[in-house]
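Note that the chains take the letters A, B, C and D in the order they are written out, and that residue 1 is the start of every chain.
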Amino acid sequence: MAGTRFAYVRKFELPDPLLPGTFILLRLDGHSFHRFSDTHGFSKPNDSRALELMDHAARSLMEEYSDIVLGFGESDEYSFLLRKTATLYNRRRSKITSTLCSLFTALYVMHWPAYFPDVPLRYAPSFDARIVLYPSVREIRDYFSWRQADTHINNLYNTAFWALVQQGGKTTKEAHETLRGTVSSQKHEILFSQFGINYNALPSQFRKGSVLVWEKTSIPYNPSNCSASQVLDGENETDANDQEGQEKGASTRITLLHCDIIGDEFWNRRPYILKG
Amino acid sequence: MAGTRFAYVRKFELPDPLLPGTFILLRLDGHSFHRFSDTHGFSKPNDSRALELMDHAARSLMEEYSDIVLGFGESDEYSFLLRKTATLYNRRRSKITSTLCSLFTALYVMHWPAYFPDVPLRYAPSFDARIVLYPSVREIRDYFSWRQADTHINNLYNTAFWALVQQGGKTTKEAHETLRGTVSSQKHEILFSQFGINYNALPSQFRKGSVLVWEKTSIPYNPSNCSASQVLDGENETDANDQEGQEKGASTRITLLHCDIIGDEFWNRRPYILKG
Amino acid sequence: MAGTRFAYVRKFELPDPLLPGTFILLRLDGHSFHRFSDTHGFSKPNDSRALELMDHAARSLMEEYSDIVLGFGESDEYSFLLRKTATLYNRRRSKITSTLCSLFTALYVMHWPAYFPDVPLRYAPSFDARIVLYPSVREIRDYFSWRQADTHINNLYNTAFWALVQQGGKTTKEAHETLRGTVSSQKHEILFSQFGINYNALPSQFRKGSVLVWEKTSIPYNPSNCSASQVLDGENETDANDQEGQEKGASTRITLLHCDIIGDEFWNRRPYILKG
Amino acid sequence: MAGTRFAYVRKFELPDPLLPGTFILLRLDGHSFHRFSDTHGFSKPNDSRALELMDHAARSLMEEYSDIVLGFGESDEYSFLLRKTATLYNRRRSKITSTLCSLFTALYVMHWPAYFPDVPLRYAPSFDARIVLYPSVREIRDYFSWRQADTHINNLYNTAFWALVQQGGKTTKEAHETLRGTVSSQKHEILFSQFGINYNALPSQFRKGSVLVWEKTSIPYNPSNCSASQVLDGENETDANDQEGQEKGASTRITLLHCDIIGDEFWNRRPYILKG
């Protein structure tokens, strides 16, 4: 066959299996999204449309890949946890990384018009992705705590920063200088005393990030624990038929939460996430 | 800081640099494109719209990443050669693999309506990507020969197969049986004697695949060597100012060819591709 | 400096850190020890001198590298478990693999004359080594069970095989044929009925392999669980000062056992092994 | 079988093949040889016994592994070049690294008494090893230039340093201070004016390091290029049958040189080294 004498080049494709028995954490980050958000007029400090588009893409990715048991998003990044027993694509690193990143990207672009009906894409956005392996539950808990703490820190800073600029009339340089060296309580104070903003009353979507998790729909959420719960209905699923599905034992679905995932409550209620 | 005690989880992110001094070959493949092409009504055996959308995405990717010195596409796959001295993203494997795959995907989805104006996307397409390293010019030449030989083999088979089905009224099972064990010349013969098709007169776009290469626009192509040459003009570039640019030595641009890349001629004319 | 323009070649040395938080299992295997044992007249089916030389090298290796918390040896192989929090050589794979393998080899050759006083080394022995990472305690338990089960299976076969050859006058070919397809109980029966050998009464050194573990010397062993216990005293340590050291809490030392490590008892008594 | 349910632990052994088509460079370094050389009374700045023991181990390693086409040693390190087409152990990184490092170590310990008849080993020496891949001839040339330049730099410094200490009566601290910031010519001058030492007249063994190469014995060496040439005869080979072997084309043997390998001459005479 014509191709035979060239086929030896396949031998340069080396295997890249992930260590079995470890949790697979895939994190996607928007590539140069500072520029992308400026070009497309994202609201500051947060753009709900952009966040919800991210959530939509993440949710659809999870519907396609059932090995993903948890998603957490903030700003232009999303983290996905795959169960440690996952055998997706024989645990090949590049295959998983690229395919899931590609699908997320495709979903983001495909659904863009639904979230930004008046803002045509000026150029194609892209995301990078990496896989990190974690051997134990402790590290997974700390990983998600790390990301949610990051959400809080960034959002508090950005909220104060943009209040100073948009409402306080400062330049961005002045705003950075005002905030330099301030601790958390000082930023709260600036927001409250200068702009009448009670930070803790801002939407949990901004303060807590987005949590996507498979769950039975009958689980009641403690409003103080999880102040906002928005469900993007999956395909072929309505609130009406939830109870019915429940009875048939088939009604787990992906639910979007904006709740605390640093404490134990979230995890204690959902032992299946870290089960394996 | 709130995030500090969790930040140790970053230590699980291990480095993945690619060996320096090697050619980086990135190959993208459509994920489950058999189903995707059926769902979206691609013409058989080849759909020019789909091929040209792939070419468009590939071309735009190359415009964004100047380390890519050559692209070769066929069907739902595309191979990109990065120069061996490339330092893109410090040669981090996952970063390069995911970012380029993501951008390609975004471009594919974003430009879909221009190539399939009457076919809305039913679901999001995705691609996988892998990087293969090659130490020397010989292997790079053989890699691209391997892909182009594959293009030929597949296209000849598919052309005969769909002729038997579409014009010959056979079932797909019968068509496979008719072709089983046939050599190249027999497939030519079936096409010619039964359907009046001169395989070698079919568009080189189908027979040779797509070659994307940076080049000075004045290079004359030998029509017998490279029978079809279609140029998708890059941004801010018109035929009118080519000659001018040429004189300033600044007028290289990405050119789409459907020519032989197994023989030496293509490479001898463009020594800069493999230079380093 | 003269070397400066060449120093770029160091950039080709890529990092190879092991995933943090995982148990590191290093296994050494004798290289072509079938030939080596023939050349040097090892007794069949087991040579106590050779096994004890292995134990000696393993014990000295553990004294040098305190991250090794357990060793298990059989025949010409030895497995070493490093605690999952080990930071030895920054967890660089090649550095750990090569250095520990090298020291083990040096110890084996250096102490050869003490175990084989009448058998000069005819040529240099060598070992290969590999590191395998395990995320959890379950896998470590199963790893060591796997090796000890292997010890049992091989030793029972070899004991029966060499009895047939040495005492039964069979050729090696005939002996293999006799044993082909036999299950464990049949091999026991052959040994007992034909040669009067009660397999379970053979030395546990042969049946159980060698276990090296750090422990307080006062731990009493259940003789039915761990039928043979031989202590190679470490440097500067005598039985006399054990009790004294014990009281000061400083008297842990490496102890050699030939006991069961498949059941829970061994591990329950020594929770520190898998602690981290 | 008893071992079956544990055998899954083998799945954690991941493949580690080296990229095909690349030169494999294996470098061994003595582990803590500063202490080892002190303990065993090595002469300063160079100990011929120790260097020749290294050469002996290296030579025997090359006799065992014919994929090694070149060795270069200095001080307590040795570099080995494996041909780029080598398929040794299916190019598995850990297998090659550990086995060759192990055999080198065993040879070093086994032959120690022949080079240090009056100095018993006080403890076991060890070496670490790493593999570095190089894609092209240029990098291999530069790698060996790097090591030989390093030999020169270190030896000039050490020669001056120990002359100041041993003959000049300085403390080691004073000697370091005297040499701090000096360039090459100043060290030559110190050696010559204060101690009557013509550095360039010192043995090339110390100034050039050790080069081990397979070659036909009839190749004449240019004394100005390669001032010292010592041959350790291989097994079953005498000078007497060289010419005969030569005629049969079978008389290649490993030759020890202390010659320049930075310039082209060494390589031009031996094109087979880098051939592949």
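Methods note: a contact is a pair of C-beta atoms (placed from the backbone, for glycine too) under 8 Å apart; a residue touches a chain by one contact, two chains touch by 3 or more.
All figures in this text were calculated on a predicted structure; none of them were measured in a lab.
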Problem set entry | Of B-D and C-D, pair with higher C-beta contact tally | C-D
Exercise. Counting only C-alpha atoms to place each centre, which chain is farthest from subunit B?
Worked result: C
For this session: Express in whole angstrom the distance between the two chain centres, defined as the mean CA positions of subunit A and subunit D.
Result: 54
Exercise. Where the CA atoms of subunit C average out and where those of subunit D average out, how many Å apart are those spots?
Worked result: 32
Problem set entry | Whole-Å gap between the CA centroids of subunit B and subunit D | 47
Exercise. Among the residues of subunit B, which ones contact at least 2 other chains?
Worked result: 12, 19, 21, 133-134, 139
Exercise. Which subunit C residues qualify as touching subunit B in the complex?
Worked result: 11-12, 14-15, 17, 19-21
Seminar exercise, completed: Touching subunit B in the complex, subunit D uses residues 19, 21-22, 84, 133-136, 139
Problem set entry | subunit B residues within the subunit A interface of the complex | 1-3, 5-10, 12-13, 31, 60, 93-95, 97-99, 101-110, 121, 124-134, 139, 142-143, 145-146, 149-150, 152-153, 184
